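Two complexes follow with subunit A in common, the first pairing it with subunit B and the second with subunit C.
Showing the complex of A and B:
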């Protein structure tokens, strides 16, 4: 049953990619080379090779060297950039999870904290990431906590955390409050402590709310890290590669797409990891209807 | 990094105690101290036990635009001056002059007009060496648009990058009697030149050493070969008479009276100019140095950039890095007169006298002359670079 579902899922995945490729190439055949304009406003993208390189051009770019004369093929550069950013995103995601769940527990325990803190959490998400990025990055090499020296990469992770913790905090809070009143009363009648109620009742009840929140948090962590890399030029990651390759989009348009696909793969990997936790945590429960 | 900060702090304490010692101590002590200090400033120190840490903030990613600094690092010119230089790359949201003013860097590379705007805004920074003597900004358009001077901008779509890179466009428009808000359509341009090639932009902003090469590295769909210079008209802001001073080394104004900082700055400028002189004479070696420092741009593009950057520096009649008062005046007066979209200007008042100093670069040039380095490059001849597709 499980094997069949995996086979079905993966064949659908391949089919979906084939569909996207077919759409891309199909549009290149029928679409206007210089874009469609309506009342002087571009509404249809250009189908020419600069704006939309052929799929095979982009894929074959992976096999060619990054710059002429170098032995490093582009796939290895993109792969190492993706892995670098994956590490940063994971750190950001775990910090975001810790902070998010911690805040949620605090807020569910003390209503006054919830009332006082929640508006600020919402407000925090309205601060543009690019405004925060240079500030946080400037901590790199300057901030010292005991013998711990703040490394530059950690700043990028922190920006991932910044985007990740919010959905996790809000989702978990909602989940913790979702335990049926009757069940809470039952726990009360057992004279269960707050901690017992939390771990035996509230957290299990919160799981269906937490998993989708984690999914949002995971993609938020990726976005935060990639934007931080672009904005502050942190070397080694996929965001940095995107902006560096984008500069060459005039003469080598396929190059920037290799990095963009790397970023997409990063996002898929992160949400895949969360989906895995979903399978583990939800194994004894009725499945989420939307998958 | 922590160790470096500590060392720097120790160096600072050492200097303070030297000064205190010189003021308060007996005559013998004072003489000793000054003689030690003179030795340090005049010749490269033979015995360098603890190099002075120096942080340099660039404007953008590693590329040949900053080759001189990388060459000085790679060829050991900084080490010869007992400096341990860390070169920090720029990025989209990093403003070098602010990084400098915040004390996170010891020196920064920035365009003069942008830095003066920051200075007017309260950033205490001082131009100590004008590395690029000429402006490298162009406005590139296809031949059939017939844009050969700034006056032809009228009614056209003009691309610019913003972030303070557009001041020369406003200066040219003002000089041509055009109103930026009404007579032209100004559009924000990407970092590539796709907007020009696709026809969205009539005339695109380009640096001689970077974006102009990008269009010459792109395939012309009509011929299947690369575009050539004959396909384009180029308006050079330097030739239009509205060129503004660009890459300069800026120092921290709050430390400019500190003798130790001035000493470091002099050595830093000297070694940097030595690096630039090296790149003038060894164009291909410098290209390789920049590529080895992690530039992602292709090698023919990088060689082109190195060559074009050399043209902006050399020949330097008044000596490399010296701030030409006429060019400075032009930059500052254009910054006060050129009207932008809102009718405002870059600067509201003339920059004060403290905005630049030639003292440091003059001392640095004297050091280089003593070492036999050619600092005017009067015999400089650019090379011819052939660009390959995609700059590779």
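Showing the complex of A and C:
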């Protein structure tokens, strides 16, 4: 049952990739080589090999060196960049989960906190990430708590946290409030404490709301980290590789795609982890709620 | 000693505001240990409110409620009563057995003791083979039996039920009534039972408490003398119909003097 669902999801994933490849190559066959213009505005992407390299060109690029004459193959550079960003995203996601769930619990416990805090949380998400990135880096640089020195990468994780915590807080809050009044009354009739009601009723009832929120949070963490890497020029991650390789787009068009796929793999890995927890947590729930 | 005592109790919602509701006014009710008492009346007459006052889920505006000579608040802390509602209200994420163990967990029982008690309760409600299933895999009647097992798991002396069979079909409902009498007989549990159904109230109860709305109050209390051994034959007995008529007359607000004449009509009533 569990294995079947995992197998089903994986095969759908493979199918989706195959579909994208087919569309890409199909467009290269029928699309205009120098882009399509409508009323003087270019709306169709160029189908030539500089703008859209063949799928096999991009894949075979992984096997060749990063720079001419070097021994390091590009796949290992992209892989280590992706793993670097994955670590940062995981840290960002973990912090975002802690803060998001913590805030949700606080808001569900004290309605005053909810009324006072929620508008600010919503507003916080309207601040553009690009504007925030340099600020966080400079604040982090000034921070010194005892022997703890703020590492530069932590700023990138914090920006991931910034995007991750919000959907998690909102989703968890809704989930905690979704426990039916009759069930809360039942817990009251057993004189259950607030903690007991939280862990034995509210959290389990919140799971169907929390899982999709965590999915949003996971992709938020990735976006935050990659954007932070790009805008603060942090070395080592996939974001930095993308801008470096993009500069060589004319001479080596397939190169930037190797990094782009790395970023995609990063996003897929993160949501895959959440999807796995979804399958595990929801395996014994009624079918309707676990689509 | 009485199992339950409600003295001069009133409950006014939104007192002083234009939305004020006199849900209950000067209610007096004493229930003896092992007694089965039903509350019946049109909707909005305060049946659920009275049950919630007994359960200490609401505080009375005036008057007092005591369970086993304790305050209602203390009785709740001591889990002196179990509750069951119209919706079984089992937790989807717990197995049947774990659902029954919930009140025991909250009391801090250890695992072995909890599991042994859950097993015992499943025997009592005759569903021993369903321990490891999830509630949504059971029929409505089975779910309701599990809810009763959960309510009785800690062996509380008092069971409070709010239209527990209201969502079941007629056949299941009659079966459940028989089961409830058997279970409460075996465990000598005192029961306060809210229902809309006259035959149900009569079949189950030693006394039927008739209530009326605006303001919510007890208008009469009808003794049902059908003995302690009740079975399917009871539903065809003369005394059964006489009591049904008596309750119906009381619900109409008239006296049940010419009860026997209308006896047969009671069969259709739910």
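Throughout what follows, the second predicted complex is superposed on the first by the 271 of 291 C-alpha atoms of A that agree within 3 Å, B and C clash if a C-alpha of one lies under 4 Å from a C-alpha of the other, contacts with A are read in each partner's own complex, and residues count from 1 in each chain.
Operating definition for what follows: contacts are C-beta pairs under 8 Å (C-beta built on N, C-alpha and C of every residue); 3 or more make two chains touch, one makes a residue touch a chain.
All values derive from a computational prediction rather than experimental measurement.
Superposition model on subunit A: subunit B and subunit C are shown accommodated side by side without a clash. Legend: residue contacts after superposition of the two complexes on their common chain; A:201 is shown touching subunit C, with no touch to subunit B. Counting the residues of subunit A touched by each of subunit B and subunit C gives the higher count for B.
Contacts of A:188 after superposition on the shared chain: subunit C is touched, whereas subunit B is not. By the document's definition of touching, of the two partners only subunit C reaches A:180; subunit B does not.
In the superposition on chain A, contact of A:212 is made with neither subunit B nor subunit C.
In the superposition on chain A, A:51 makes contact with subunit B only, while subunit C stays out of contact range. Look at A:102: by the touch rule set out above, it reaches neither subunit B nor subunit C. Of the two partner chains placed by the overlay, neither subunit B nor subunit C lies in contact with A:267. In the superposed model, the angle subtended at the C-alpha centre of subunit A by the C-alpha centres of subunit B and subunit C comes to 150 degrees, rounded to the nearest 10. In the overlay built on the shared chain, the residue A:245 is in contact with subunit B alone; subunit C does not reach it.
When both complexes are overlaid on chain A, the residue A:34 reaches subunit B alone and has no touch with subunit C. The superposed three-chain arrangement places the nearest Cα atoms of subunit B and subunit C 49 Å from each other. Applying the stated touch rule to the two superposed structures, the subunit B and subunit C interfaces on subunit A have no residue in common.
Taken in their complex, subunit A has these residues touching subunit B: 34-35, 46, 48-51, 66-69, 130, 133-134, 138, 141-142, 144, 149, 230-235, 241, 243-253, 255.
Of all residues in subunit B, only 1-2, 61, 89-94, 99, 102, 104, 190-194, 197-199, 214-215, 217-219, 221, 291, 294, 296-300, 388-392 touch subunit A in the complex they form.
Residues of subunit A touching subunit C in their complex: 180, 182-183, 185-192, 196, 200-201, 204, 207, 284-286, 289.
Only residues 55, 57, 76-77, 79, 81, 83, 85, 87, 89, 91-93, 102-103, 105-107, 134, 136 of subunit C touch subunit A when the two sit together in their complex.
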